[in-house]
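Below are the structure tokens for one structure; questions will follow.
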Amino acid sequence: MDGMAGGGGEGGPARGRPGDAAHASDALGGAARPGHQLATWVALGAALVGVLLLASVRSAHGPQTHPDYPSRNLPPEPQALLLPPSPADDEYFPCSDCHEGEPTNRTVRELEDDHEDLEIAHGEIWCLDCHAAEQRDLLHLANEATVEFADSWRLCTQCHGSKLADWRAGVHGKRTGHWWGPKQYQTCVSCHDPHSPRFQPLEPEPPPRRPEAITQAAQARQETAREGP
Amino acid sequence: MKDRERGETRPVRGASRREFLKTAAVGVGALAGVPGAARAFDLEAFFQKHLRELSNQDIEGVLRRLEDKYSRQYGKPVRVAATGPLDGVVYGYGLDIGRCIGCRRCVYACVEENNQSRDPEIHWIRVLEFEREQAIRSIDLEKGNPYYDHEKVPAEGMFYLPVQCQQCDDSPCTNVCPTGATWMDPDGIVVIDYDWCIGCRYCMASCPYGARHFNWSEPRIPTDELNPDTHLLGNRPRPKGVVEKCTFCIQRVRQGRYPACVEACPVGARKFGNLLDPSSEIRYLLAKKRTFVLKAELATRPKFFYFYG
Amino acid sequence: METLSIFGHFVMGSARVVTHGTRGFYLWIAFLAALIATGALAYSNQLTHGLITTNMRDQLSWGFYIGNFAFLVGVAAAAVVVVMPAYVYEWKPLKDVVLLAELMALAAMVMCILFVVVDVGRPERLWHLLPGIGNPNFPYSLLVWDILVLNGYFVINLFIVTYLLFKTYAGQEYNSSFIMPVIFLSIPLAISIHTVTAFLFMGLKARPFWHTAILAPRFLASAFCSGPALLLLTFQVLRRVGRIAISNEALYKLGELLAYAMAVNLFFLGMEVFTEFYAPTAHVIHADFQWFGVHGQRETGIATYTWLAFAANVGALLVFMIPLLRRRLPLLSAACVLAAAGVFIEKGMGLLLPGMTPDMLGEVYRYHPSLNEVLVGVGVWGVGALAFTLMAKVAMAIDRGELRYQHSEARPIGPGSWRR
């Protein structure tokens, strides 16, 4: 710096007079060089920032992950397990206890002597459309073939055929367990009462808190904290 | 700490530094979930770099530090894993809008599984109730009501639409985050590094689904309700001042399990699987059912599909 | 070396200037200190309990702080309204005041940065934004760009004013071939800071109220109203307390420029209003909220303020436009207050609230800033006012010729070099 000022010769920093403005840059010989030095440092600094920024450019839209994540593959998937339905109602099962040897009344009617508490709300069907008249511990299909209670889903899917494919694929009905791994699904009667299959409304869980309430709760808590234990 | 008090200098590096910090943390670590409680300033946590720049060993160190911290804070052993994505998997979600009855079992199953703050309350899933008659032309999200409080659901003439993070393929949130604290992992889950987020909430402004939530104060989780099986980028307890959201239960799905909401739904309205597997449940419903996504015109390409079952 | 030594004297001299003054000066500083202290206490409360001390919630995640930020970026950018005529067109009356305008820009920038700092949830992690040690999401995140241009503009402006002040202090003529390119660079940079800030909002396709191309032009137009309006008011204070020469012509010229700016501002507003209301989509609900309150609710929300701001802007325009009115200083000053208030409402809460109300799932959360939020904001404004006061005091002392480098070779004591 001293060398440069000395090199200026004409007495160091230029005198500031309005008229000199036009020649200021000439007269400033010595003072101009620190300015250029500064400009160079600034340019270098800006370039450094630019390089660092470019280095941090990553593809934002492609998936990204940790470069060292070990590769993890899926093992072969086991079959989905169909859970058995819950055991039949003790009060009524086995049906043969009462219905053994009884003559069958095939008249479609509303039951009055027994089973009158059963709510039947299942379209046009009535008891013997599903229950095998001669073997009350079994159900029967439309072609008269008998079916165990545990396989009751075979009855449902006679009419509700579209549901069968969906249910087998896992899109109808609830599945638990693993999306890849042991999973369980359930028969129709696990969720649908076969006599009145429509879901009954449930009591919902509480609604979320409104944002204003969150403020009030926070304020209340702060006041309690201020009051002390 | 004792060394400091005696005025001795002690070289602190590596394990001994960790020891030092642990000792310092013990004294104040017992204050679980109390806001404003003074905590020893965790130097290691402060200088922790972005997850992508940490070696596997560093990550192990982070996990152990967090496990230590949470175990002390909640008085029971907490595990934090950083399980990576499975190869050949991109997760997709299906929601049967014809079946949802608005019971909110999913909301609270999520809260429990994912250690969401109870007070101030955070819910990652929001169930909107719509009047059927209002929605004949289209679902106008302006008309949804999340605060319904009927005795029984579904209420007469109403239908329900649960909303959570859509894990968009072209997510605005990952685009706008200034520090790169949120990104999409190869298995399609949009994750947040809670140790890197600066809490600017730009991502919240950019999310069209209101799926991101902020810890406006220190989260409070009752110890007996804490889920101790956690994932670094998922359900481990979050600090105040950072953003969080649904991660498709990353701690479960990367072990092959269903997310908690899928398992909780009593009517089986929630479906989940691998979009790259043609035999998966999600692929079945995408092929066979009428599906739609929310705000499709925004071209965010969500992986959360609503369908009519 | 010599330059450094002179610079050292410059710093010491400035320190002396800012620590001595009239009783009025001390009272003003005490008042600002009280504001800052209050703000600091409120911020400490926020650090302890988290941002729950504000009234922002998930449903409205940006509010008072970012509203102030948007307004103040505009004020900072508006220095260009003075810089352009002063340096590009060499218009003498404005050349008198250009340095003070740049000082206001600097003070506004300080406030902008502070408003961002108080808004983030983890301020100790702000280093995550820095290239090299952090991980800035460049070039995708507009916030990173905003930080770049804001800091760039700040540094350039700081450099310009320091250079000009120092040169005058040292009795040296400034090297126009060195500083003029830098000054010319600050002009597009000023435009860019506000454009990038507008991009911050415009780039959010989730928010239809903001996702409009005219947002950046609106930002600039309203900035060019608020900035010069504040300058006009400040100059009148400064020329009295600072005993510097600022001609009425400069003020009237600013007023004239304000007429153009406000006319364009209102024109752009008209564009938005037409687009929203002539062929409304479902998204009109945000504009509805802004002008009428949400339908079906008794409360009008911010609608009252929106109309007030509109009236204020129109009133201000009339005064700016009509020379008979404009050339009456008290009336001009009143118009400036109206313009600044109008823009503050329109661009602060009037931008943030309708953008976020209703939220993404249709919920209307009625937000107003909490006391803690307002106190923090007041503290930040106090810091900005203090920064401006101290810088202006030094600048005016140099301008008056009282703060000069005393050297054995006596220099002619003249006014600030930026006036030439």
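Each chain carries a letter (A, B and C) given by its place in the written order, and its residues are counted from 1.
Keep in mind that, in the parts below, a residue touches a chain if its C-beta (ideal position, glycine included) is under 8 Å from a C-beta of that chain, and two chains touch if they have at least 3 such contacts.
Here the structure is a predicted model, which is why all the values come from computation and not from measurement.
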{"item": "Chain whose Cα mean lies nearest the overall Cα mean", "value": "B"}
{"item": "Pair joined by the larger number of C-beta contacts - B-C, A-C", "value": "B-C"}
{"item": "Where chain A and chain B are represented by their mean Cα positions, the distance between them in whole Å", "value": "10"}
{"item": "Chain centre separation in whole Å, for chain C relative to chain B (CA means)", "value": "38"}
{"item": "Chain A and chain C: spacing of chain centres that average the CA atoms, whole Å", "value": "44"}
{"item": "Multi-partner residues of chain A (at least 2 other chains)", "value": "58, 60, 214, 218"}
{"item": "Overlap residues in chain B, where contacts from two or more other chains coincide", "value": "35-36, 52, 120, 126, 146, 175, 180, 216-217"}
{"item": "Multi-chain contact sites of chain C, meaning residues that touch two or more partners", "value": "49, 52, 57-59, 135-137, 140"}
{"item": "Interfacial residue positions of chain C with respect to chain A in the complex", "value": "1-4, 49, 52-53, 55, 57-60, 131-132, 135-140, 148, 167-168, 170-178, 365-366, 370, 409, 411-412, 414, 417, 420"}
{"item": "Complex contact set, residues of chain C against chain B", "value": "48-52, 54, 56-59, 61-62, 116, 119-126, 128-129, 134-137, 140-144, 147, 200, 203-207, 282, 285, 356, 358-363"}
{"item": "Partner chain B, residues of chain A touching it in the complex", "value": "58, 60-61, 63-74, 165-166, 169-181, 183, 191, 199, 201-210, 214, 217-218, 221, 225"}
{"item": "Chain A to chain C touching residues, read off their complex", "value": "1-2, 5, 11-18, 20-21, 24-25, 27-28, 31-32, 34-36, 39, 49, 52-58, 60, 211-212, 214-215, 218, 222"}
{"item": "Footprint of chain A on chain B - complex, ascending", "value": "35-36, 51-52, 54-56, 59, 83-89, 94, 96, 101-105, 107-108, 119-121, 123, 126, 146-155, 170, 174-175, 180, 183-188, 216-217, 253-258, 262-263, 265-268, 271-274, 280-281, 284-285, 288-289, 309"}
